[in-house]
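A, B and C are the chain letters, set down in written order, and residue numbers restart from 1 in every chain.
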Amino acid sequence: MSRGETIAETHDLEIGYRRKRSITVMDHLSLKARRGELVALIGRNGTGKSTLLRTLVGLQPALAGEVILDGTSLHETGSAQLPRIVSFVSTEPLALRNIKVRDVVALGRFPYTNWIGTLTEADRTAVTAALEATGIARLENRSIDNISDGEKQRTLIARSLAQDTGLLVMDEPTAFLDLPSRYGIVSLLRRLTREKGKCVIYSTHDLETAINEADRIWLMTEEGVCEGAPEDLILNGSLARAFESPLLSFSISDGTFSFVRDRQSTIALEGRGKAAKLTARALARCGYTTDTDAVRKVKLLEGSHKTEWIITDGSREERYTSLYDLVADLQRTDH
Amino acid sequence: MTRFILSVITAALMFSSCRNAGDNKALNPGAGTPAPGRLTIEKEKHYFKVTVSEPWQNSSGIKHVWYLVPRDSAMPAGISEAQTIRIPVRRMICMSATHIAMMRALGAESLIAGISGSSLIYDSVVREGLHNGTIRDVGYEGNLNMELVVSLAPDLLMAYGVADPSTGNTSRLSETGVKVFYNADYLEEHPLSRCEWIRLFGLLTGREKMADSIFAGVSGAYRDLAEKVSDAVTDRPDVLLGAPWEDVWYVSPAGSYIGRLIEDAGGHYIYSDMTGLNSVPYSVESVFRKAMEADLWINPGAADNLAEIAAADPRLAALPLFREGNVWNNRLRVTEAGGNDYWESAVVRPDLLLSDIVSIIHPGLMPGYVQIYYRKLE
Amino acid sequence: MKAGSTRLAFSLAGLFLLMLLLFMADMLIGSTQMAAHDVLRALFGTGSAGDELIVMQFRLPKALTAILAGAAMSVSGLLMQTLFRNPLAGPDVMGVSSGAGLGVALTLLTLTPLFTLAEGSILSGWGVILAAWAGAGAVMLIIMAVSARMRDIMTVLIIGMLLASAISAVVSLMQYFSNEVMLRTYVIWTMGNLGNISYPQIRALALATMAGLAIAFTMVKPLNAILMGETFSRTVGVRMQRTRIVLLASASILAGSVTAFCGPLAFIGVAVPHIARLLFGTTDHRILLPATALAGAVILLLSDIISVLPGGGQVIPVNTVTSLIGIPVVLWIILGKTGLGRRF
């Protein structure tokens, strides 16, 4: 039960579909996840992230290999035992209306309640704790069709929490959410692992937060899944390889992706600090690389309240009060 | 069991939609005297003009006119071929068992080429004909085997209209050259009016005199008996008619065929004040109430014994008339398959029918009489 | 929270009382005139023989049947609506009524009835009933077999609807080949009836209803979870395959039995669960199940009372009344300002 203990692992797992003939999505998967870890499953569309997660929690049968959760193989785990070990939040939107937030979260106690579903004191405490941890306690009596998408997501996560499992698996919990909500969810997941010792495995398209917050990344490509700390995958280039394209390039120093630009011209940049960095970005967007030997030069004049820019090519000088004007002018004169 | 149910509904259907043209009263002016029927036969020189009024249900104002012209005569001027039937007819298709009975009464069964609903035919001669293929079953109105009809090359198809012919198949036959006669005998509410249609058959088959004499004899005997009864009776027992199905009792109006027979036989139908046109759906509870006071039960659907009635609806077993066994049904002459002579020869001999019913209601008036169509249920 | 549950308990008790009231009213208001004190005397055995006959053999069985049939059909509809997560699901949709109709049609519309039982035997009054049960049961088995093979519950729903249509087509064919007499018999059966049910039959119906309701009640926990979706239910610990089969079986026992004894009762299965949801404002099946059963009994008792209102012994078929009540409810579900499924 201690932090750091392996809670989920797969051995030579083959995932896919069984229709008339088996369709393998991926095989020979051997992955691990530990208690107290935040694991982000990333990969391009169509690589099979959902299939992997659903196979991991037993919603889909594995074609071959083994899934071991909390020390027991999935085959051998009874249907009554499984929901106490792992909880799952799917991508399906919540269809139901006219049910209270608190009642949805209370459904997480399903594996523990009696045949008619009566909640004991302990159950009620778990529900309240889940509502508070996800920050939606004030919404508990509201109907779920009456809250925002972010709050709906938190409700489902709260339900998952109330289920009191060591492992929480979530399929794209931040899809369709706005930026602050996305960060909010991920930081919530982060807290759950840190403060409650849960292991959270979640799939996402939001690379930035994943790289910044996850303890472990499962990177899914057409060849298979590589795992490691985010920095490991950056260092060994797998991340870049997975996502780079003629249009996208990965900057190791920044840890971010950016568009590949046609660099047409050079310009010199004089200045330091944040403003200089941002000026370089704006220039890069228009296809300018900085070169100290360039004829034209952009000079930063940082005042106490505002910044100004001067473009000089030796003979003339132009002054600008905003980067927008500067860049617009540059582009105009270049064509 | 099923026959019981089926015949309940047959009875309801047969007795429904009785409308006496121009006469709304349930009682007749004189015992046994019918109001004018739907059949009118007028003799013109060498041919006959036959008019059928209100040939199907709810068809007031509609008349079909046919001209029956002997084969060897010339066509009268101004009359279309389509409205003419050359007599005597050589081959006929009869859609109703009643028509068969009339043909048989006239000894004209050899002219029958086709019938409808073979399993429900009682007459043994016709069944024999069906068996050896000289008579064919052309199907019901709804799914008439038109090709078979045409191939039988009948001079006439004697049909009975339930609704406007345009809703059925028989209207299409006229287009193929087969003459379709809408016989309204089943809509006649008085037994003698119904019997009178034998005169039509007499004309069609060239046995006019035989038909007339049969009819004269029958109506004479009927009237005599009816008068005798009305003179003799002082007290009219209450009679229950029909049977329920699934908690609905379709109650026949007083002016129905059997209603008049009861009346003429010296009985009192418990719904004698029902002067409507069609059977009315009543709850079993309400009919039961009235039936508790009744003395006799006649025509309880297709039941052959008391146990069948009790099985269909156990509550009826509590009726006093049931417990005393005063239940009579018209199923003395029936076939295995469900054919009942009550719908056949009894139509031609309403005098015998009346005798049966008189002997049920007032046995004292007919000592030693043995019923022909009716049987007491055990 | 506490206040809420006491209020719900009171509401349920109130509905129960309403049912008892209508039960009495149904016995006092029949198709023939009978003074209230005569009815009461008959019930307690101190009335005239005739009155006692009427009340004990006609009115009491009808009222009892209304309660049983109303509760059974409504709960059957509730189970189907939750299982298929569709507010318009019901036993008629899934072909239970059609299956029963097929059995009855085979008995009544074929010239050589396939189900003729020995005349006068104890079974002969049960011919149509057994045929209807067999038909409904056969449809239920087919649906369960389909459900076992299909993942997606929506597919099962659609197949159920197609099955219902197919059976109707077969029955139409049989009707085409019958004469007016048989047709009328069959048509009258389809109008539904609450009378004409003997005490042994009521016992059988009561048994089936109790069994069905009991099974349904053991499933309230999974029912609450299923509303949130199949994936949700499975991950919370609901055993979907087993749950589906139990729910379908329970719904079929309830609806099949009622249809066997009373003919196909229209709209009760679809409309009453929504009435219950509206009255109690909850989707919790611990409340909704008893509420639906009671509401169903109330509605059908009411329908029975309305059906004798024309007076003079004439009655309106019960299906007409339930349709008149049910159709506005269904329309309201679809068109109501809160929209389809909102109340769901």
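FYI, a residue touches a chain if its C-beta (ideal position, glycine included) is under 8 Å from a C-beta of that chain, and two chains touch if they have at least 3 such contacts.
Since the structure is predicted, the reported quantities are computational estimates derived from the model, not experimental observations.
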item: Chain nearest the overall Cα centroid; value: C
item: Most distant chain from chain A by Cα centroid; value: B
item: CA centroid of chain B to CA centroid of chain C, Å; value: 41
item: Centre-to-centre distance between chain C and chain A (centres being mean Cα positions), rounded to whole Å; value: 51
item: Computed distance of Cα centres, chain B from chain A, in Å; value: 87
item: Parts of chain B lying in touch with chain C, wherever the complex brings them together; value: 1-2, 5-7, 9-10, 12-13, 117, 119, 140, 142-143, 162, 244-248, 280-289, 292, 304-305, 307-308, 311-315, 318
item: Complex contacts: residues of chain C adjacent to chain A; value: 85, 218, 220-221, 224-225, 227-229, 231-232, 234-239, 277, 281, 283-284, 286, 341-344
item: Chain C to chain B touching residues, read off their complex; value: 30-32, 50, 53-54, 57-59, 107-108, 111, 113, 116-117, 119-120, 124-125, 127, 176-182, 184-185, 188-189, 193-196, 198, 263, 308, 312-315, 317
item: Contacting residues of chain A [partner chain C, same complex]; value: 57, 59, 79-80, 82-83, 86-88, 90, 92, 94-99, 103-104, 107-108, 110-111, 113, 115-117, 145, 163
